[in-house]
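My questions will all concern the structure given below.
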Amino acid sequence: MDYTKQIREIATKLFTEEKIDVFVGYRTTGFDENQVPVIITGLEEIPKLIFNDKSVFNLTNYLKQEHTRNKRVGLIVKGCDSRSLNLLLTENQVKREKLFVIGIACEGVCDDEGNKMQHCTECMFPDAVVFDEMVGTTHDARLYQVNADVRELASKSLVERREYFETVFESCIRCNACRHSCPLCYCAKCVIDQETSTLYHGANTTSSAFHALMTWSLHLAGRCVDCRNCESACPMNLPLHLLHKQNESVIYENFQEHMAGVVEGDRGAFYKYSMKDPDDFIM
Amino acid sequence: MARVGVFVCFCGANIADYVDVPMVVEETKKIREVKFAIEYKYMCSDPGQQLIREAIVQHRLTSIVVAACSPRMHEKTFRKALSDAGMNPYLLEVANIREHSSWVHQKDKKAATEKAADLVRMAVAKSIANEQLFEISVPVTKRALVIGGGIAGIQAALDIADARIPVVLVEKSPSIGGKMAQLDETFPTLDCSQCILTPKMVDVASHPYIELIPYSEVIELEGFVGNYKARIKKKASYVNFATCTGCGACWQKCPVKVPNEYNMGIDKRKAIYTPFPQAVPNKPVIDAAYCTMLLKGKCGICAKVCQVGAIDFKMQEEIIEREIGAVVVATGYDLWDPKPYEEYGVGRFKDIITSLEFERMVSANGPTNGLPVRPSDGKIPKNVVFIKCIGSRDEAKGIEYCSKICCMYTTKHTILLHHKVHDSHAYVFYMDIRAAGKGYEEFVKKAQVDTAATYLRGRVSKIYKKEDKLIVRGEDSQIGQVVEVVADLVVLATAVIPPKDNPELARMLGISYDKYGYLSEAHPKLRPVETAKAGIFLAGCTQAPKDIPDTVAQASACAAKVCGLFAGDTMKKDPMISTVNTEFCSGCQNCVQVCPYGAIVTEEVPMGHGSKEMRTVARINEGVCQGCGSCVAVCRSMAISLAGFTDHQIINEIVSI
Amino acid sequence: MSFETFVTDKTGLQKFYEAIIEKNETYAPVEKFGNFDFKRITRLSECNPESPIEKTRSIKPLFFPRSAKVMKYVATSAGTEIAETDKDPLAGKRVIIGAKHCDARALQVLDKVYSWDYIDTDFRNRRQNTVIVSTRCDKAAIHCFCTSLDYDVETLDAMDVLIVNGIDGKIYIRAKTEKGNAFLKNFPTIHDSQLPENEAAPALKAQYEAFAATFRLQMNYREVNEKLSKVFDSPEFESLSSNCISCNTCAFVCPTCHCFKISDEKVKDTGVRYKSYDSCNNGYFTLMAGGHNPRPAKYRRWRQRALHKFVYYKERFGENLCVGCGKCTFACPVNISIFEVVNQVSDTAM
Amino acid sequence: METIVKDQHVSIEKPEIAAPPDWEPVIIGILCNWCSYAGSDLTGTSRIQYPPNIRIIRVPCTSRVDPWFLIKALQTTADGVLVSGCHPGDCHYITGNYYARRRFLVTKKLLSFIGFHENRIQFSWVSAAEGPKFAKVVAKVTDDIKKLGPLHLYKKENFEK
């Protein structure tokens, strides 16, 4: 998967026709295979742009950053990224008319070692769902399957799961990089940063990590698009996707909702209801 | 720092017998913020309240905790005590140590005491985060809008107007009167429908407090309780009502004949018409779908014969705006089309008619001079089969519910048939006879005796034609046999269904409707006339099928609600509602999505840091918010808080146990 | 001053480590989720003393914990009492094995700020009671640039004991401080293999030279220091910070960052006050109680971070607040390199 | 009433620390004002006895209950949490409990996934008329949590019972 040529062509067209002020894409680091997101502002920077299977980072995160605010933005989105873009549109965080979206029919991206990332092998929506121009060959619909890691962990005993997650929360250093790298965490002030003596959880204890990650994953329940920006940002490599994928599987299996961000205007499972929702867990 | 006063009640022996009250007071005194704690025999008594009032002043207390019975019992009492002492009443918290401790742990005094102490501790912690709240007053426009001019709308409008509150009554058709105007006699008293309805219709037309806007529809309603603005579309009638005298020359001369809806299409009316002789207003309108002048530009006879020049072919529809404070929705009902009953030959056999067609036939002012006739040959029928539950209680073809009125009007029809055609015989196929109502069962019993009608309990499986008769084959489940009845006429008691544009109307008004399309009341038992949206009320069959007495009762109930709403110049509201901290609001509008009352709107505020840019944030309409807190829980940024149940208060309770 | 050097082989080193672990409270890189963090160990098999540079977190948390309890208090109507504070869990005599030399160097830099106008006794005690056993890297990782900074990696004495994997296949163990020298005396097994200085020095030098030749990144720190002090108003900061997502990871993994915040957590009437890491990249870092925020824009925070590392700290303490370990770059989700940033910005200086 | 989602893999948590002999669990009950709180009041006026471990917090509606409260409760004072509201369709605020129901299910499953026994987080619908049911629910929850023992998982350090 290498769409560098197409991306550069489209970006050139956009800048020449003065349709955008900035373009958010990827460039090489200059020293290894990996890539750096880059915000370019003019034609002269277009040769920097690149797109291939190392273009991992979900660029919709930049729509909440000050460098794109109130500007006309050109943007590359893969399948998962486009779903987060869809949610950002639904949640009124960005204006569609200010965006020019290059959708990618994604073949899956690779990790540092060059292996296809796990979530890409399970991806249900590799093609961008929001786009102005599509690049690549589109795919047929794929079936939902519960994430392999979640399935494996769920098959273990309660005690094993507890021990596993105790290690996770213990390893967390509360840097909040997961939150900052998430395109859907755009609150002016996060609930776990609210300063009131009894509410505040700034300390880095296992207990506060439990609190922060649980609150975070519940705020993303039904919204997480599985782009794994959080995991790539986590300096401790925590398996944060487990929490999100667990919620996703519960939501998908019990409420028969769409996957997050697939349908425009769909806010996610927590913001609607059905009379037929399961009731048997309630006395 | 907070200075909390705690007052623990003995409630005579109710609390003191099972909870060690002095111990609770001792425990409470250990809390840092508690500056005063005392026990007393009856806190709700006058001396008890006096204790609170004195302590507030003496100890400069900033919040009060009363540990006594359930807050659902005496919260108001103690709030008043705080008010009397000059303290904001919402600085009170009640710890429920009676219903939640002493009464339910009577065998374990130690545990009950510990629990009571914990409950007090929680209340203290919550009260520290209590804020002063002030009752909300919302100005009201004292004018009601009634949508629909059937008996429900008429009754509601008259009752409201009699209380000297202006009413705008909007009716879709050219005349008010609704379905009731089509009825001949009414059960169970056999009053003439016209005789009891038309005086009311005239009252509406002449009432100084009622503005009747016929031939119009409400197309938009914005605002909130007490402060709505309605846009009403007045259809073009092509007749200037102000100059028209209602002489009738126009419709007598009009050459275009059109099936008459009022008579269920049994006879014809003209393209310019008044729906029925007693119509209010008794002014004709031109039916633009048939008038050849409007369609082809030829004719114009009506204009020529009109002596006052009231005909205006260039008339355009018109939008009227009215400021109103409350809405009564009374859009009535429709009847179910029995077409799916193919095995009965509906549509094939002319001599199968619906109940309302029968009603028009037997009506004194009906198309057949008050006699039932066979549509096929115009003969007077002798054997008439009435089939009930056509569409009702039929999940397969119709709807699941019981239409409620069919049993009674079918009984009435057997009597009317008996009166009009003495040698006739009525057969009634029924599933059950549901005659719940004052005098209803007696009415049915008497009818069965007087008319000697044959009642057959069972469904009809098939109707087929044999020569000029209809053979009705059905089951008599009481004898367990298939029976066949030779009928001259078959009358189907079709189901009551909601008007088909109810969902559209509901969306326009911002209220909810059920799966059938009936508008939903706020609570099925305790708030049957209110909708979830404050200031919008329901009367009549638009909410569910009902008969005339129920409809009138509900309409009057609506009027009482409207009058209550307009009793003062402003409405008083509990201040325990949500507010948005715009600094934290990210504008995601999840709150807008989940609010059951449509109380949340958006507004633009400056970006901050002196920036000229604007951003969108949520704003709670305090007139509409009911304080459920749905928005608070979906607000991820914690920008919304619900007064009286803030996150801070609840977390304080949780961590203080 | 030079100390004794011992030579051993792989098994000897393993025995040495085992002996350390047996006798001491030992901390070493333990793998969790593919990442190495320094944890208390009781067996050598639990850890990997030669963990890969790019996946190993610094040893800073052992001296400046990610969250430290400042005090515990109980507030009742009788008044607020400071409850008996628990003993500092990091104050005991202990040994760290598998530390990278850059991490050890970072502690030297931090010593300056911790014993400046106020002496942080907790930090000092932890430093004094800890023996750092560090292994010199064999090969630089892609973002390493420790050899380009204001300390000499070859002669660095920030660790107490240095272990060098010689290019001749032998393993050299060398004390670097008095504390380290005394510490090594506790391990008679390696004493047999003491090397004379004239044999040890060339072996160590040879390893260093081989190591130093593997660096991708080279810079002249004096030039960078000099130029950066003049670029406060450089517009380059804005474009360089444009793809930063303010995630704060860089500060949390940095071995020299030392900003912290104080937070209280209260349950019932008992409260605990914590001192925890904070990051100047956090938008709320400089938010004041009145609502004013002097660094609301991302580039200003970025500028603060870069200049604090290479200009302000240098001006005050004479050292760079960067040891060239590359941890921030490894951790950065968008691969922003502090090396690139400071070099590019300094290039804009007149 | 009898339906409690069973953890399929293990029926009981391994208690980390044995419960002291006189240990009594603390259960936080979050009740909606219109149904369950009124129901619990009815339990009181009917003098129906139930175990004294529950501490009741009143909220206007179950839709007010942020899953965050449950996390906070488990992390600080509670050994178990019960949230109770109006039966589906009976919500005083029309739709509140439908939204709440979804959040509860996801929260319960998530907490169970990371190692809390499902019985530590329970939900019930108790109407204002169901005084006896409220007593039964509380008895059951108390019993369940007594079997599970004290909760130590992720407890805040400054929490002492």
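The chains carry the letters A, B, C and D, assigned in the order they are written, with residues numbered from 1 in each.
As a convention for this text, a residue touches a chain if its C-beta (ideal position, glycine included) is under 8 Å from a C-beta of that chain, and two chains touch if they have at least 3 such contacts.
All of these numbers come straight from a predicted model, not from anything done at the bench.
Colleague: Tell me which has more C-beta contacts between its two chains, A-C or B-C.
Modeller: Answer to which pair has more contacts is A-C.
Colleague: Measuring from the mean C-alpha position of chain A to the mean C-alpha position of chain C, what distance in angstrom results?
Modeller: Centre separation, chain A to chain C: 32 Å.
Colleague: As a quick test, compute the distance in whole Å between the mean CA positions of chain B and chain C.
Modeller: Each chain's C-alpha centroid was found; their separation is 71 Å.
Colleague: When the C-alpha atoms of chain A and chain B are each averaged to a single point, how far apart are the two points in Å?
Modeller: Chain A and chain B have C-alpha centres separated by 46 Å.
Colleague: Centroid from C-alpha atoms only, then distance chain B to chain D, rounded to Å. What do you get?
Modeller: 36
Colleague: If you look at chain D, which of its residues touch at least two other chains?
Modeller: Only 68, 72, 76-77, 95, 99, 103, 156-157 qualify.
Colleague: Check each residue of chain C and list the ones that touch at least two other chains.
Modeller: Within chain C, residues 265-268, 271-272 contact more than one other chain.
Colleague: Check each residue of chain A and list the ones that touch at least two other chains.
Modeller: Correct list: 189, 191, 198, 205, 270-272.
Colleague: Would you identify the shape of the chain contact graph, picking one of line, ring, star, complete or other?
Modeller: The chain contacts form a complete graph, every chain touching every other.
Colleague: Can you list the residues on chain B that touch chain C in the complex?
Modeller: Touching chain C from chain B are residues 29-32, 34, 609, 655-657.
Colleague: For a test of understanding, state which residues of chain C touch chain D in their complex under the given definition.
Modeller: Checking each residue of chain C against chain D gives 69, 72, 265-268, 270-272.
Colleague: Please name which positions on chain A make contact with chain C in the complex.
Modeller: Residues 29-32, 34-39, 57, 61-62, 65-67, 167-168, 171, 173-177, 180-181, 189, 193, 195, 197-198, 200-205, 208, 229, 232-239.
Colleague: Which chain B residues qualify as touching chain A in the complex?
Modeller: 583-590, 593-594, 613, 616, 634, 636-639, 647-648, 651-652, 655
Colleague: Using the touch definition up top, name the residues of chain D that touch chain C in the complex.
Modeller: 76-77, 156-160
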